[in-house]
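What follows is a single structure, and I will ask about it in a moment.
In order of appearance the chains are A, B, C and D, and numbering begins at 1 in each one.
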Amino acid sequence: MGKNRLEAFSDGVMAIIITIMVLEMKVPTGTDLAALKPILPIFLSYLLSYVYIGIYWNNHHHMLHTVRQVTGTILWANLHLLFWLSLFPFVTGWVGHNHLEPAPMALYGVVLLLAALAYFQLQRAIIRSQGADSLLAKAVGRDIKGKISPILYASAVPLAYLSPWCSAGLYIVVALMWLIPDRRIERALMTGEHV
Amino acid sequence: MGKNRLEAFSDGVMAIIITIMVLEMKVPTGTDLAALKPILPIFLSYLLSYVYIGIYWNNHHHMLHTVRQVTGTILWANLHLLFWLSLFPFVTGWVGHNHLEPAPMALYGVVLLLAALAYFQLQRAIIRSQGADSLLAKAVGRDIKGKISPILYASAVPLAYLSPWCSAGLYIVVALMWLIPDRRIERALMTGEHV
Amino acid sequence: MGKNRLEAFSDGVMAIIITIMVLEMKVPTGTDLAALKPILPIFLSYLLSYVYIGIYWNNHHHMLHTVRQVTGTILWANLHLLFWLSLFPFVTGWVGHNHLEPAPMALYGVVLLLAALAYFQLQRAIIRSQGADSLLAKAVGRDIKGKISPILYASAVPLAYLSPWCSAGLYIVVALMWLIPDRRIERALMTGEHV
Amino acid sequence: MGKNRLEAFSDGVMAIIITIMVLEMKVPTGTDLAALKPILPIFLSYLLSYVYIGIYWNNHHHMLHTVRQVTGTILWANLHLLFWLSLFPFVTGWVGHNHLEPAPMALYGVVLLLAALAYFQLQRAIIRSQGADSLLAKAVGRDIKGKISPILYASAVPLAYLSPWCSAGLYIVVALMWLIPDRRIERALMTGEHV
């Protein structure tokens, strides 16, 4: 009930976040390839954020698959997640316009951390509305990836002041860890009852 | 008949309004945390407007749930509501770029007021097309929240010239009042017939 | 077959066109109401274009209602229409930033004219794919409004060089003429077979 | 399973890409027709990219029609395609702001090439998930257009340094070649089993 619309709205917001991030790559004034050089860090930060939004869309897609009834709590937990995702263009732009400076790199981690916690809350809200023996609860299981990620983001924030490179490395590692879509849910959907 | 498309279009507009408001938070030129300080009021005004758009989306979602047939009047009442919502990025930007100045604060209230009246008209149009004993009519009941909000917005407009702080406070109070989704409709849907 | 997706894509493009037009209303630097004065013509041109996009969305909505099968010709006729609609933000901005100058006013009419012709072609493509005794063919009938509009737009283009005010007046008259959604189709849907 | 959402997200991203490209056409400061002259190359590059996005949307639409089950591989192959498409506004802006300079023209070809390869991979991923005797496999057949296009794009990249005009000509030729939607799939859908 109303699930389609929750998905459509979330898809809309995530699709716009992705395309708005591209706007940070301003058209260069020069006409040779050298003019692209200052855009390279912006391109790389866009690429990383694109992958993160892709991961969120992907896992969101799998998670909502298991939802039968949308409650008010789920609606607001979802809006909470989208709020932090909507800050991606801002932090991506700040990281991209500066060469691995501590403050932008730390803020990027803060937004990643708050988005991850919001995702966790949304997952909890869905499981709570379905009961502890629900499909999602079984699929998520102990949720090791979901618990390690916030810890790594939280470590990357102070680390940015020691070595921005290490923070950037951590963000890339977590992204690679999640690039594999949530096969746990996919598997549970296959073996378990059809939703 | 056609309801899905009305929802999809409204979702699209609201999703874009939210993400376009973020564009007011320009990437700062500085690279330390102090560079974020001038962005803080823009962030706070974005947060408030995000919550308002979230509330509208939420209640819109619940209200359209009860619609069976979309008439021309409902289509235009909906477009009328979306028009005032589309001005949110402009007034949010004006409020955010100034520290609690009277005129931006008053204009913010004017747009909130006109959006609230448009929502009220849309609600009326839906009830009229369904009959006075419809599900939505019962669910809305005396609609106390819906009647208090415009009064509070209308009070906040002149008040902005006395104390912008008080206006800002009123806007936050109304937002908190609405943060609870329209449980009246949710309850009526549960107990009443399935739509 | 595929009709939902055609609608969803068109809704997306029209929703974004509407919200992107708002971006022309730049946040003023002043903090009093006088700072809004230069924005007033931009607001008025936005309002007119918003009504036009609303009319197109509304009629598009009614027209696609009668489509059973989407052909390649319909897909491209639809993309052709969306192309001219996508130029609305540009011409709206040019009209809004200038006080009734001939050239922007004339170009506004050119884009309105080309969008109207593209809409006409889309209508033809749908009727052709359905047969001359189709629901849409009956509903459209002699299509007086659809034939008068392009003539009025075409007259407004040269007229802009004599009197931009008259062109603006013509654009407003045509918008008012169309504000009433295509009740012909609505009526035919009611009395005719259910689509 | 989940196919609707994949389509909705892709539609959203492509709809936004199209409308964001228009933003490169900045409102001119002059008020006569001569003020439009510097915008003409931007308009033409927008037109070409609009046609390309239209072609991608059209073929994507036909291709996904044959998909029954969305796998993780298909999801990511689709996100990979959307990534290269999301760079269209940037390269279109660079081409449009310069009069047929080699580097922008070459980069345009690089993005077209990478998008074409991503489309090819997505097609492969769908066929692999369906089996070699699937509807799409039969419909695509030897896929001559799909194999010629990347070769032409790859030729246009170095050619841009000899003659940007020739590269531009090649991009237009390939667009015209694809303007005809993938009738192979349409035909197979008609004669073959209903999907």
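Just so we're on the same page, contacts are C-beta pairs under 8 Å (C-beta built on N, C-alpha and C of every residue); 3 or more make two chains touch, one makes a residue touch a chain.
Not measured: the values here are computed from a predicted model.
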Task: C-alpha-based rotation, chain C on chain D, 0 to 180 degrees, nearest 5 - done: 90
Task: Of all other chains, the one whose Cα centre sits farthest from chain B - done: D
TODO: Using mean C-alpha positions as chain centres, tell me how far chain A is from chain D in Å, no decimals.
DONE: 26
Open item on the list: Using Cα averages as centroids, what's the distance between chain A and chain C in whole Å?
Closed with: 37
TODO: Enumerate the residues of chain C that touch no fewer than two other chains.
DONE: 8, 12, 16, 20, 23
Task: Residue numbers on chain D that touch chain A, as the complex places them - done: 1-2, 5, 8-9, 12-13, 16-17, 20, 23-24, 72, 75-76, 79, 82-83, 86-87, 89-90, 93-94, 97-98, 101, 103-104, 107
Open item on the list: Going by the contact rule set out above, which residues of chain C touch chain B in the complex?
Closed with: 7-8, 11-12, 14-16, 18-20, 22-23, 25, 27-28, 31-33, 35-36, 47, 50, 54, 57-58, 61, 65, 179-181, 183, 186
